[in-house]
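Structures for review follow.
Next come two complexes built around chain A: one with chain B, the other with chain C.
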Partner chain A sequence: MPDWQNFEPFIVSGLALGGVYSLSGVGMVVLYRTTGVLNLAFGAVGAMGAFIAWSLINTFGWPAVLAYLACVGFGAAVSLIYGMLAGPPLAGRDPLVKAAATIGLALILLGSMSWIWSDKARSMVLPTTNWRYSVGQVLINWTQIIALALGVLITLTTAVFLRLTGLGTAMRALANDREITAALGVPVRRVEATTWVVSGALSGVAGLLMSNLVGLDAATLTFLVISSLAAALIARLRSLVVTLAAGIVIGLVNALVTPIFSISPYRDMTPFVLAAVALLFLARHQQVSFARRIT
Partner chain B sequence: MRRPTTSEVRRPATVLALLLVVVLVLPPLLSAYWIDVLTAVAIYSVVALSLNLLIGRVGLVSLGQIAVLALGAWVAAKLAFVSSIPFPLVLLIAGLITLVLGTLVGLPALRLSGLYLALITLMLAGAITVVLSTTNFPNGGPGFLSHTESSFGNPAVRRPDIASSDPAYFRFTVIVAALMFALALWHVRSRPGRAWAAIRQSEPAALAAGVNITLYKLWAWALASFMTGVAGGLLAGSVGKLYTYQFPTRDSIILLAVVLMGGIYSLWGAVVAGALMKLLPALLDDWGLPADLLIILFGVGVLQVLLTAPGGLAAQVPKDFARMGGGLSAVVRRRLAARAERAPTGTAPQEPAP
Partner chain C sequence: MRRNGVFARLALVLVATTALAACSSNKSPSTTTDATTAPKCGAGTGQKATGEPIKLGAIATKQPGTDFTDIPNMAKAFFDCVNDNGGINGRPIQYLIETEQTDPGQVASLAKKLVESDKVLGIVGNTSIIECAVNHSYYEQQGFYIIDSGIAPECYSTSNSAPVNMGPRYSVDGATQYLIRQGVKKLVLDQSNVPGTGYIEGGFLLIAQAAGIPTESLKDNVPIQDANSVALKAVQAAGQGGGVVLNFTPPEALKILQAAQQQGLQDRVKWACSTPCNTDFLANALGPQWNGKLGVNAELNLTTAAGPDSELYRAVQKRYAPNVALGSFSQMGFVEASIAVKALMSVSGDFTVQSVNNAIKNIKDFKTDILCKPWYYGTAPLHLPNNTDRTVVPQDGKMVEKEGCFAISDVDPAIAQVRRIEASS
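== the complex of A and B ==
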């Protein structure tokens, strides 16, 4: 076993990554609970937003802040358009079909990204990455702090929002039963549209942070959604607080294994293994029945 | 004994004729490059077939089929390097070992259904890919992994003695693939196929009707793993040297896309899917178009299939042709009728005499 000192820098990077996993996980869980759509294009939307921000800054010379806003806005806009176009025709279908349809969106975005921005390698550096200071031996930058803080903040805000506001109540009602909610006079389409916008904006934020923490690469960012999905799955696509905790644990374990050389090459398995074990554990009493399954 | 109907005779005859053309006529006409491409099409049709069966017949979605393919390729390469058993047996054993591995994974996972099953297979595929990127594929090196880092003069995975050249290996691949399709067809037409159909409609109803749903779901899973394992063996022999980058997670997603586009309710859909996945990129490359276009196209295709055409291309194209044929013949008939009206002498029907 290496010394404790070797682990310290990885705690910071693990927490930062975990924060973004949580952020993405929460975005996906809220959308899934409200609309029944598990958005597998979550990573692709954020990635494309990050690429657009990069181009706006480096090719068109926009101020950085505007470009970041454009990234978040792009995420919200694309998600809203997709939700409005593909949502209603698929509303009555199986969750699996809805998820498969988002694979279509993910492939369209992935193809467009590798087509438009294929010419050279790029890197995205948020200005906060250059503001750094050291705690003991460890160098911390503000992007990492923001990532973790945003993860926690957004989870808690969303949880409180769902609990206390009228829109939040409507969203929770939709999560329970779409038909009854509609019958009670809740404007289902409008609530769903709002959820798509919020979730899309979160994907933009996550894409921006990820492109800085992991690198600006279309395929990597698109498929990072699987790691965030692992956090959401551990929470059974249900609990926001568990998603937050699972995201941070995944990020931490993934990073902390790095200095242990014997298992270090396998560290990227962390989200998959944790999610698989959690799913299998949660499904151990699953039985076949005619009763409507509460997912 | 009843006499077989025309379609019962015509369809196998068509398939057989098509197979003969592919095996005998095509290889001499094509360059080495296109033979390679078509070999890949045949191999990936088998992979697509396994997913086609799982989704279309049983209603199970796996997002990890490419990882299973990689497992099969790994096992076949290992067997080919450490033993001297004939290649067809290597394929069979690789298929069986993949079957066991796939079933071990499937046994707990099959408790989940629908979305959760798809997601856990995606997770497991991710895990398998990470392991394989560390262990790498056998290339004749020492030890259990049979892998050596030196990239010089590593032997390729051997091929069967009768099919060592590329055209011969293409024929071999097509025949093995055809056997896999026959195996699938036999399953669909007999008892398991009926059980699967019941399960796909409603698991509780199937259970109530006395179908052993655990057995038949597991059977489908095992069959799909077996086929994919055999395809992995074929792939090992085809490319000779295996690398992890040949099995990216994105391919599992793309496989789902092409299988849905090809059509999940017909075994032909699997052939279409194989062609979409391996022939189309080569064609685009040949025409000088970027391969990224194809990914966009697949994305659009998935949305189109799920929103409007659940039968996929295999169902849609014949329907469209029939509709086009019907439309054309209607136009022709109308033209003829119009001409008949313009020329009242002779052909026009005579007014009845008052």
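== the complex of A and C ==
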């Protein structure tokens, strides 16, 4: 077992990854609650946005900030297009069918990335990564701080937005009952479109951060969805605050078991183990429900 | 109205696809070639070969994340060049490339197709994760002597497969030797958690043990999802004055190295990597912070090296295979095809499976500036003709030579056996 001092840098690494898992999980939960779609293409959309940003910077010489905005814009646009094309035909279908349809989108994007960019080694380093300072023996960079801060900030902002704004109220109403909400005159398609755009933009932000924290790799960024999905499941696809906490715990546990060689090779199971334990714990006295209501 | 909606959706998909394709960075190779500098290959007559084709075949892995087709594609480029220069005594080489997706049944049937249906006379340029293990017995029964790029242990340990490369085990050996020369106090091997890691680890452990250096072996699942933690773990395991050998594909190695850099770990230990890291793409992605700090074992010469074969390799790639990247893979394809052409040129009489494979088996003292020492086939029970190689390091976005040719340690038993065979022949 390593010394406590050896664990310290892993805490920083875990918190940063946890922040991105939370950010992604919140995007997935809000979309699921509003549209009934569990978007398993969340990671692939962000991955492709990051690759486009890489190409815009390195091939076309765009300023980095514009390329990052293009990444976020791509996430929003692709998600909106998918939501508008696939949303209406699938509106009345089972949530499982809707989730399976997003796997199709993920595979198309994954194949496109493989075709366009191949699997050559690339890197995209955000300028904030080069701004660093030391706390004791641990070197912390600003991308790690931004990742954690964005996770917290977006969760809290989204929660407040859902409570205090008219659009937020409409989204919560949609989460409760789509038919009644439509009958009350709420522009359902417009509210859903907005949700797709916001969720897609979050996938772009997550893609940018992960391409820097982990690497610019199509498969890695696509499978980011696994840890985020686990965070969302622990929150029973309902609570944004629990999603935030779960994402951070997953990131932390995953990082903290890394230096323990005896269990390190199995650390990829962390999201599944934590999700299973949480769901079993929550089901002690009651039936676990994924009813569509945001809290 | 409904039709308009469908058209609108189709237009959206088309626009999106076009925009994405425009972003591609590596699918727009220059097709410009200079007719006045057409490379001379084989007989070098400048006349197209028009006789009855001589069929050769290859099997390569091509699946998402693993694409070895640069190797046979570059071999084909060389054969095309030979065909434009008189072929083999006026007969062109017809080269059939099959791709597989690591399915043993598929790989076995592709070998049968090439040998029994297509009637190829030789197998040259095979590069597959499982092909040697699946087909070496079949090839032996059929009298084929394969020139390949080895991956599975059977590519190196059987009588009828001779690779131009060394493969991951011996490349890790070379990277380990480099770190020992750098004076490290402890050695850590970190590799992807896939089947075969125990075999690769064997040489590393023996060489470190012989040098009296403690070791630690780590395995990480790929794709790596937490590169910062992986880099930290490796550096902590190596400790002050230690060294880390990485055995990953370039994108995975890049994740670890980039994470190490972001955490200021690149100077805490010495770093080395097996052959896959030997690409300018990786050197460019790492940037100048890694100048001279990553020793990469190079089984073949630099793609920018001087020398007639290296120059011909670049000329053939430019004219016949502009879509194939310059790199270790295409160098392997070029060398394999060059060896095959030398063998075919030596055939007197009819071209049959027996005459072609006898010629391949009899190749010895094949000199090229792409390899450290002459390549040979012969009748030994195992083949590791490439057992001497270099170390390269990244320097301003390119790989440059750090150490000239050195012998892979014969502490590794297979290398010792090969050296005995070489000494006795």
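Convention: the second predicted complex is superposed on the first by the 278 of 295 C-alpha atoms of A that agree within 3 Å, B and C clash if a C-alpha of one lies under 4 Å from a C-alpha of the other, contacts with A are read in each partner's own complex, and residues count from 1 in each chain.
Assume a residue touches a chain if its C-beta (ideal position, glycine included) is under 8 Å from a C-beta of that chain, and two chains touch if they have at least 3 such contacts.
These numbers were taken from a predicted model, which means no experiment stands behind them.
When the two complexes are overlaid on their common chain A, residue A:112 makes contact with chain B and with chain C alike. By the document's definition of touching, of the two partners only chain C reaches A:9; chain B does not.
When the two complexes are overlaid on their common chain A, residue A:284 makes contact with chain B while staying clear of chain C. In the superposition on chain A, A:56 contacts chain C only, with no contact to chain B. In the superposition on chain A, contact is made by A:89 with chain B only, not with chain C. When both complexes are overlaid on chain A, the residue A:97 reaches chain B alone and has no touch with chain C. Of the two partner chains, chain C is the only one touched by A:215; chain B is not.
By the touch criterion defined above, A:229 reaches chain B but does not reach chain C. When the two structures are aligned on the shared chain, A:275 is found in touch with chain B, with no touch to chain C. Shared interface residues of chain A (contacting chain B in one complex, chain C in the other): 110-112, 114, 118, 219, 223, 265, 268.
Residues 38, 86, 89-90, 93-97, 99-101, 103-112, 114-115, 118, 219, 222-223, 226, 229-230, 233, 265-266, 268-269, 271-273, 275-276, 279-280, 283-284, 286, 288-290, 295 of chain A are the ones touching chain B in the complex. Taken in their complex, chain A has these residues touching chain C: 2, 6, 9-10, 13-14, 16-17, 48, 51-52, 54-56, 58-59, 78, 81, 85, 110-112, 114, 116-123, 125, 129, 132, 139, 141, 143, 213-215, 217, 219-220, 223-224, 227, 254-255, 258-259, 261, 264-265, 267-268.
Those residues of chain B whose C-beta lies close enough to touch chain A in the complex are 61, 108-109, 111-116, 118-120, 122-124, 126-127, 130-131, 133-134, 203-204, 207, 213, 248-250, 253-254, 256-257, 260, 290, 292-303, 306-307. Those residues of chain C that touch chain A in the complex are listed here as 9, 12, 16-17, 20-21, 23-27, 64-65, 67, 193, 216, 218-221, 223-230, 232-233, 236-237, 249-255, 258-259, 262-264, 279, 281-282, 285-287, 325.
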